[in-house]
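Labels A, B, C and D are assigned to the chains in the order they are written; within every chain, residues are numbered from 1.
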Amino acid sequence: MKTIEENLVLEIKSRTDGKEIKFESSNQLLQTYKHIRQHSEHICQPLQTEDYVVQPVVDVSPPKWHLGHTTWFFETFLLKPYLKEYKEFNPEFNFVFNSYYETIGTRVIRTDRGNLSRPTVNQIYRYRDYVDAAMEEFLKGEITDEIENIILLGFNHEQQHQELLYTDIKYILGHNPLFPAYDDKGIEQVSIEMKNEWLHIPEGVYEIGFEGEGFCFDNELKRHKIYIQPYKISSRLVTNEEFLQFMNEGGYSNFRYWHADGLEWVKSKGAKAPLYWHLIDGDWHYYTLGGLKKVEPQQPVTHINYYEASAFAAWKGMRLPTEAEWEIAAKKFSWGKRWEWTESAYLPYPGFAKAEGAIGEYNGKFMVNQMVLRGASVATAQGHERITYRNFFQPDLQWQFTSIRLAQ
Amino acid sequence: MKTIEENLVLEIKSRTDGKEIKFESSNQLLQTYKHIRQHSEHICQPLQTEDYVVQPVVDVSPPKWHLGHTTWFFETFLLKPYLKEYKEFNPEFNFVFNSYYETIGTRVIRTDRGNLSRPTVNQIYRYRDYVDAAMEEFLKGEITDEIENIILLGFNHEQQHQELLYTDIKYILGHNPLFPAYDDKGIEQVSIEMKNEWLHIPEGVYEIGFEGEGFCFDNELKRHKIYIQPYKISSRLVTNEEFLQFMNEGGYSNFRYWHADGLEWVKSKGAKAPLYWHLIDGDWHYYTLGGLKKVEPQQPVTHINYYEASAFAAWKGMRLPTEAEWEIAAKKFSWGKRWEWTESAYLPYPGFAKAEGAIGEYNGKFMVNQMVLRGASVATAQGHERITYRNFFQPDLQWQFTSIRLAQ
Amino acid sequence: MKTIEENLVLEIKSRTDGKEIKFESSNQLLQTYKHIRQHSEHICQPLQTEDYVVQPVVDVSPPKWHLGHTTWFFETFLLKPYLKEYKEFNPEFNFVFNSYYETIGTRVIRTDRGNLSRPTVNQIYRYRDYVDAAMEEFLKGEITDEIENIILLGFNHEQQHQELLYTDIKYILGHNPLFPAYDDKGIEQVSIEMKNEWLHIPEGVYEIGFEGEGFCFDNELKRHKIYIQPYKISSRLVTNEEFLQFMNEGGYSNFRYWHADGLEWVKSKGAKAPLYWHLIDGDWHYYTLGGLKKVEPQQPVTHINYYEASAFAAWKGMRLPTEAEWEIAAKKFSWGKRWEWTESAYLPYPGFAKAEGAIGEYNGKFMVNQMVLRGASVATAQGHERITYRNFFQPDLQWQFTSIRLAQ
Amino acid sequence: MKTIEENLVLEIKSRTDGKEIKFESSNQLLQTYKHIRQHSEHICQPLQTEDYVVQPVVDVSPPKWHLGHTTWFFETFLLKPYLKEYKEFNPEFNFVFNSYYETIGTRVIRTDRGNLSRPTVNQIYRYRDYVDAAMEEFLKGEITDEIENIILLGFNHEQQHQELLYTDIKYILGHNPLFPAYDDKGIEQVSIEMKNEWLHIPEGVYEIGFEGEGFCFDNELKRHKIYIQPYKISSRLVTNEEFLQFMNEGGYSNFRYWHADGLEWVKSKGAKAPLYWHLIDGDWHYYTLGGLKKVEPQQPVTHINYYEASAFAAWKGMRLPTEAEWEIAAKKFSWGKRWEWTESAYLPYPGFAKAEGAIGEYNGKFMVNQMVLRGASVATAQGHERITYRNFFQPDLQWQFTSIRLAQ
């Protein structure tokens, strides 16, 4: 199975819009660079050294790997090719922080990230400092459009890893039997509109997909027309209270609500509740980055996979929206706290094409066996959310901050 | 992994159109019954007793199981509930020919089809005779609309198993190192138009999905509008000659053409050619139901899975059509010899709903992780093909008579 | 995992004693040949064609494979090298009936025995007739010592497969939900002495291992001295009644009686009783070759693996005998109905050496991770049992006619 | 698969000799306690925090787990039951440092050791300090024989984990692509006698097994007579130079030298050399705790499993000694640098019995599917080696400091 970060790097590599998003000055570029880089370290600030190291499952990467890998990106794609006389920090880091297996001479070693105690966390922070200093120098020089484009990719890349830092840290701490808190508050708590309204969208031809200025990934292109049947979509996310009702009424054990593959997932995992939920002395608790607490009825249900989202909707006698239905209606409701599962498989838009300048891979390679999520989450870097953004995961994954919005 | 027949039975169970397809007379019903039942036995006529027994992989069922299971369907859903004083042939057959695990008293036994030497082939033919005699008596009686509907389901059910009989027999004989022929000619040879034309379909709103008289499955409903961008679609299928060129130019080893999951499939299987292809003394041969022969350049490439179809298209710089594009254009080209992979994931049509009368399951349960095929194949029972028919399989399966039609 | 027959063939190939076991006349050889060959077919006489074909688990081979493989042995090691102008029956049979994967030209096909419907049972009987006719002619000619030795191996080889025919047929029929009987009586029923006596063997130096005239396998050599502590060994096998008591007192769920690996086996299989036992309406039944019947209290417990045998002994506060203890005492008790598990791992005797004339492999290759069984069973070919004979299996296997004799 | 430490704890728990090994004074006890406890920390002194955390394979435990688990032993079996008013350091540590899965309330969490970032290394050192202070107080009080026995077990337990600390640290650092050194020298380098002599041991009755004063495990009992055939045993271990010759002459690819299970291991792992060996620019290097270096010809070959040891011996036309042969001859040669594989399966000695006082488990549970090693290694705690000591591992494990001594 691919790890999510391979996915993300590839998306970035293959960005193909060609639009020029000029920064006003190299100073602005530098400030943005510093801001983004510091934010990654800020996220890790509450961690103990040991928390940086472990990898409980293949989809989760150790925080120190995220810190090193995003740094490797700037070193590999900017400093080494473009900064004259740049001296690599450590040539061996290439096969530790690259996303793939690597061969150095005749040594072929699978870099199982969670098994690597070295480089240490301190060494990685020194690596970051070293690269940041070189980048600062570099950004003072002349920045061509081509280089600016790569810098922009580096920004988006690091921001995506910031989202993964939150989800992966939560997985690491939340699967520790001591349930250590990340900090006092966590990031999960959001206020959502409690009153549900059904938005009615009339039949007709609509347009979806990215257009205009600014950054987007190749899979959001091209903007195109689509014919939509009339539908209703909920103004708010499903709450824990509603999901508990599904659980209490036997939702996990009634095969009628589940896809065949979903049922197999339920059985093989013995699934009975969302990820991070624990029944303690008769009460459902869940782990949040703020620690273990009782499940809050009025919060949106989170950490459910596509199968669970779909089964819940079936139990309600409803369904999930398609990604087009979501995008068309999204201006009319509040979103951005949780990634929302859609009923759409991840497939190319009409006219989707392999990027001319793509570095060896193209985004289409993931367009099978995955479902689309729309929106953004509390873990998403600021300014990173976009109404046309298409996230995607295998239908069994739960560790993202996902939720459910119903349609009918 | 589900076996395809479970899939099919479920589809049938959940048929939900409610349209009444009256036969003119009960005599016509009886003649149709006899014709369909005899055709299943006709397909098996060239087999040796041993060929009826084996199950080389989980997706393939032993021919004797198909013969028993289709008979069990008529006995279980018609004779036992509706024919007064009908005496079951053998109560234990229920848990041999049912599609699922069964419990009889405290015995719970997984009926691994390919491990069951009993009931023997002769016993199964006697079972068929017994049920056919009872059905003949039954069909002479009064047939209500409800019963007629179930009979119709039984017909479609048995016809789908006839298609599977061909694909499964081919798998059984084609994986025997002696490469025994099924008969002299096989069924694969077709004449296809050699001249390729690109049909241009203009942009606009079209309608797809079933409407009108006659039988259809619930997943073909409802007919609905769809907006289509302009596209071109090929008038003929990809040939072996073209696919050989893909192979010769390293198509199987160039990661650029493959989905990530497809590449993993290639590596884990060591795939280098379509199923049934063997390189013998430097020449590519393939097994057909007529025996092992040299690959014929002008025949449509067959027994490729979705990953292979998609990789071939990428190598050509083109793509597969979506199922809507296929359905819209299908009146303008010849189809029906091979199942054609589309770029569409198997998902519900707008307004798709669980059938009111469905027997415990509904079709939507397979609507994840599968791709749609359109058309029909040389193994499809006569009169069974339909322009709105939606077949679907996991993207790694090859044993159906599949092929490729390009779009751009 | 190796299949048992590979094991047996290798043993035979590597037979190294060099003792000459002369038959008095070539006529006697011929009569023995006929007798042995007919006995294999006699064992299969009650089977339906379908029973010859299936392979429910990897350790079990289809009966038709046994019939073909033993024939292939005579053809390959005698007729082809020594009978002038012998014409092979079918060159392709080599890679169907050889024990290993085979390459023919560029075709490499794994011959999964249970997936092969061809050659048919009839073809295999014709193959036997053809080879038998040639052997008859061959045995009328001059028989050198070397050839006689190979003939003798062929005899022993076929006799070992006769034992496997019984165990494999039982597995095939006994795992069919219809529980078809092999014949009216089965072969399991034996009369055993009901009165248990503890034989006291005094401390001292004893000799074990084969010596003298006649056939033996290399692993029985050389006869050597061994120092034995005083011990007691039971004069009879453990009965079903005793084993039921172990079951009823929670023997399968009490970890104290089990090896760590045994406990893991119990858990992974959900084991609660010997193989072939079924709890039906509150009574324990078992499948015998004579059909399904209530468990008979006074019969020896059968179809238990080493872990079960050892756990039973621990529950009794006793142990299994070592193979030396068994061999030393065996003249004083009745044996030969069931293979008896010992507490000895399968290891080389002092002075065990690779056979000079071994054909490519040697017996020592199995001398790890297996336990020794002593005695013989109701399925053992007449005259095949021997007090020094060392049978061996992985400790988790149950499908042989095994049992338990206690020691302390 | 069991982890080795479960094994060791069980051995200790079940120690059954009942011999009283009095310390002269409680002060001597305290000094020994301090010495042993400090040595564990001394071993870890060169580690970075991150090195304490990871678990690359199931047989290896994170160093911080060893430090916590040995402390938990003293707290659980001495302080909590015997030290009045002792207050547990942290009740939740029980299910982190116990060897088994644990249930606390309704939470059942599998404590995958390598996924646990908490408790941190600092917390574990504080835990050690806390328990050491309490133990110091405790050891000043009255020590009954029963308590002294448990203390003694705790000493042996911690010493066994000291050996594992070395092997596990080596595995962690040696599987890091940066090949960090543990310290300047490593511990592997030993001087061995280069001249090989064949010690001739005459046939006869010998005695093996533990007797006399001092500590031993239950599996070394009872001392008993054994009859031995004449044999020769080498006075020194096999060297890297000799093993390289085996490799260069195709030893890993010639099936004749290997057990069937060994060959399967070779194929599944692609094994071509001992663990930690890497071919770099044409020269064989190996990782030692002193870093990566060229293979030294005159050092004993190390980190080979039983299959490799046995294949090497077969290639030489010799064999491994049995454990009895080893024990009888061991006074005449130098040993103690490497654990030496024997040809003996791990089985009970005559008269071996379940310990009366065993705490829930007994040592016999591992007496299947494992091979005996004799001697001791450079990682063995001082004073821990013993001529009757029986170590045992599955035949595929390589990470201990193993080697080969030939016999014939």
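We adopt the following convention: a residue touches a chain if its C-beta (ideal position, glycine included) is under 8 Å from a C-beta of that chain, and two chains touch if they have at least 3 such contacts.
Predicted model only: the values in this text are computed from it and were never measured.
Asks: Counting hops between chains that touch, how far apart are subunit A and subunit C?
Replies: Each step joins two touching chains, and the minimum needed here is 2.
Asks: Going by the contact rule set out at the top, which chains touch both subunit C and subunit D?
Replies: none
Asks: Subunit B to subunit C: how many Å between their CA centres?
Replies: 44
Asks: Quick one: report the Å distance separating subunit B from subunit D, using the average Cα coordinate of each chain.
Replies: 58
Asks: Round to the nearest whole Å and give the separation of the Cα centres of subunit A and subunit B.
Replies: 38
Asks: Scan subunit D for residues touching two or more other chains and write them down.
Replies: Subunit D, residues with two or more chain partners: not present.
Asks: Can you check the complex and tell me which residues of subunit B touch subunit A?
Replies: Those in contact with subunit A are residues 2, 203, 205, 224-227, 229, 231, 255-256, 258-263, 306-307, 310, 314, 319, 343-345, 347-348, 350-351, 354, 360-362, 364-369, 371, 395.
Asks: Over in the complex, which subunit C residues touch subunit B? Could you list them?
Replies: It comes out as residues 48-56, 64, 92, 95-96, 104-107, 109, 111-112, 114-121, 172-173, 175-178, 180, 278-281.
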